[in-house]
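Submitted below is the structure of interest, expressed as structure tokens.
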Amino acid sequence: MEKEPKSREGIKGWINPAKYGKFGIERFAWILMRITGLGLLAYFIGHIYETSNILNGKEVWDEMLAMTQTTEGHIFLALVIGMCVFHTGNGIRLMLVQMGYGIGKAQRPDYPYKPQSLNMKGKACIYATIGIAALAMWYGITVMFG
Amino acid sequence: MASVSQKVSEEKSQTIVSSTKSVTLRIKRSNPKINSEEKFDEFIVPVESWTTVLDALLDVKSHLDHSIGVRYSCRQASCGSCGMKINGKPALACFTKISELDSNNITVEPMDNFPVVRDLAVNFTRLISNHKKIMPYIVSNDSEVTPGDGVKELLQTPADVEKYIQFSSCIKCGLCNSACPTMAMDTSFVGPQALAQAYRYIADPRDKGKKTRLKIIDESHGIWRCHAAGSCSQVCPKGVDPAMGIQLLRSYLLGIRD
Amino acid sequence: MKESVIMKIHYGTALGAVFLTVIHILMRMTQDFHQSLEYENVLANYEMIGYAILLELLLILISIHGFNGLRVILLEVNQGQTYEKVVSYGCVAAMAILIAYGTRTILMASLGMV
């Protein structure tokens, strides 16, 4: 492991918002994948704990429901729905990309050296995933506030 | 901290300066051998439509501040020496025109994720060692040509060459490593440059070292720490498209390709 | 374990979890959303053996996928032999604890030990 000082950007390289204007939507999808992944893991742990209250009887279960079936609870759940849909959609896109599909074919590069792997298909998939996640959130809100 | 020394470059530059346009060039200065202080020095430089960032830097170095540390060589995007961060994005200074940047304020800094030697010059030891790690040469029993055995050259069809020629364009400028978000945190990651070169050799039909190379990169800080953020391909000045090479390489490890 | 094997598991658990999560959510839609969360209805779900198996599989798949993802992120944040061992074994331990805790809930609920 290297020990040179100040050679790495560190966490700024991940969270500096200025980066996301300079690099493409693919980088934004990368950081969103991380954020949604961590968010979903935290939700999952909470969900396992929350649902285990079923073993403590009806009163405890109803108390727990009263806590979560609030406006804030619904908004939180809508966010979780959005995170889940994005993480799933982008994950499927990534799996296909990482298997070598949708990234173009190797060929002799020529000026202006546009990268084939960062093509419109991939970008469209990312935007579509974000759109579908937003739709899913909207649908979730209509069901929960029903 | 910005040290505002608003000096103006005089009309003694190598080009016949007839421009009416000037830009402010902010150069990050540091000398880790002396102290950890970092500052920005500002210079006003006259530019033409064809002036590159490197031209502007050398203008400043010639006439205003001889002490600026900058590495350059070919001035035609062949050697990969002048990689730096220009307005926040890694790029070759010789290949970036001031007019392309659409800004009157140009900030140049050393590339991220490389130890700084001085000012804009960075240390490439890690890049070179990662590159060497993936065995950047043809591995073949036939590579020793002995007289009389009839083997004069290892023949390839144009289709064979097309499989890897893109990745052989790498000039080791380090811009991809600088842009990579994994390189920002992971000190053990091999980096997109080395991975793209690993693919270059594996895709070469003359090479017989595929299994060994795949074993080298199949570790916890190898190919699996690439998450297809694509920043490497975004900044590559030679169209190598390391992201493509890495995903194609990954398909070998996933068993999609043989 | 080779990193390529771990990542194949990561991808496999992802696909499995997506499929099972869709069924899990569809189960909520067999009734009115708020009704489906009532105590008796939730308990009735656990008592269906097929659904209990689905929940158990979902628990295992998401735990593996989630904690492996966390392991990957933590390995990028810092490096070093000791740190990497702690992270890897810590994630496996957390995975095991969560699976055990969830399995307890599923088993007790489905066997009527409420």
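Chains here go by letter, A, B and C, matching the order in which they are written, and residues are numbered from 1 within each.
The rule is short, and it goes like this: contacts are C-beta pairs under 8 Å (C-beta built on N, C-alpha and C of every residue); 3 or more make two chains touch, one makes a residue touch a chain.
Everything numeric in this text was worked out from a predicted model, so none of it was measured.
Taking the mean of each chain's C-alpha atoms, the chain closest to the overall C-alpha centroid is A. A centroid comparison over C-alpha atoms places B as the chain most distant from chain A. Chain geometry summary: the mean Cα position of chain A and that of chain B are 30 Å apart.
One inter-chain figure worth recording: chain A and chain C are separated by 18 Å, centre to centre, where each centre is the mean of the chain's CA atoms.
Between the CA-based centres of chain B and chain C the separation comes to 42 Å, rounded to the whole angstrom. Residue positions 185, 187-188, 254 of chain B each touch two or more of the other chains. In chain A, the positions touching at least two other chains are 1, 11.
Shared interface positions of chain C, defined as residues touching 2 or more other chains, are 77, 79.
Taken in their complex, chain B has these residues touching chain C: 182, 185-189, 218-222, 224-225, 253-254.
On chain C, the positions that touch chain A within their shared complex are 11, 14-15, 18, 21, 32-34, 37, 39, 42-43, 46, 59, 62-63, 66-67, 69-70, 73, 77, 79-80, 98, 101-102, 104-105, 108-109, 113-114. The residues of chain A lying in touch with chain B in their complex are 1-2, 4-14, 18-19, 22-24, 26-27, 29-31, 33, 94, 97-100, 103-104, 106-111, 113-118.
On the side of chain C, the complex with chain B involves touching residues 2-4, 6-8, 72, 75-77, 79, 84. Touching chain A in their complex are the following residues of chain B: 32, 36, 88-89, 112-116, 123, 126, 162-167, 169, 179, 181, 183-185, 187-188, 203, 227-231, 233-234, 236-241, 243-245, 247-248, 250-251, 254, 256-257.
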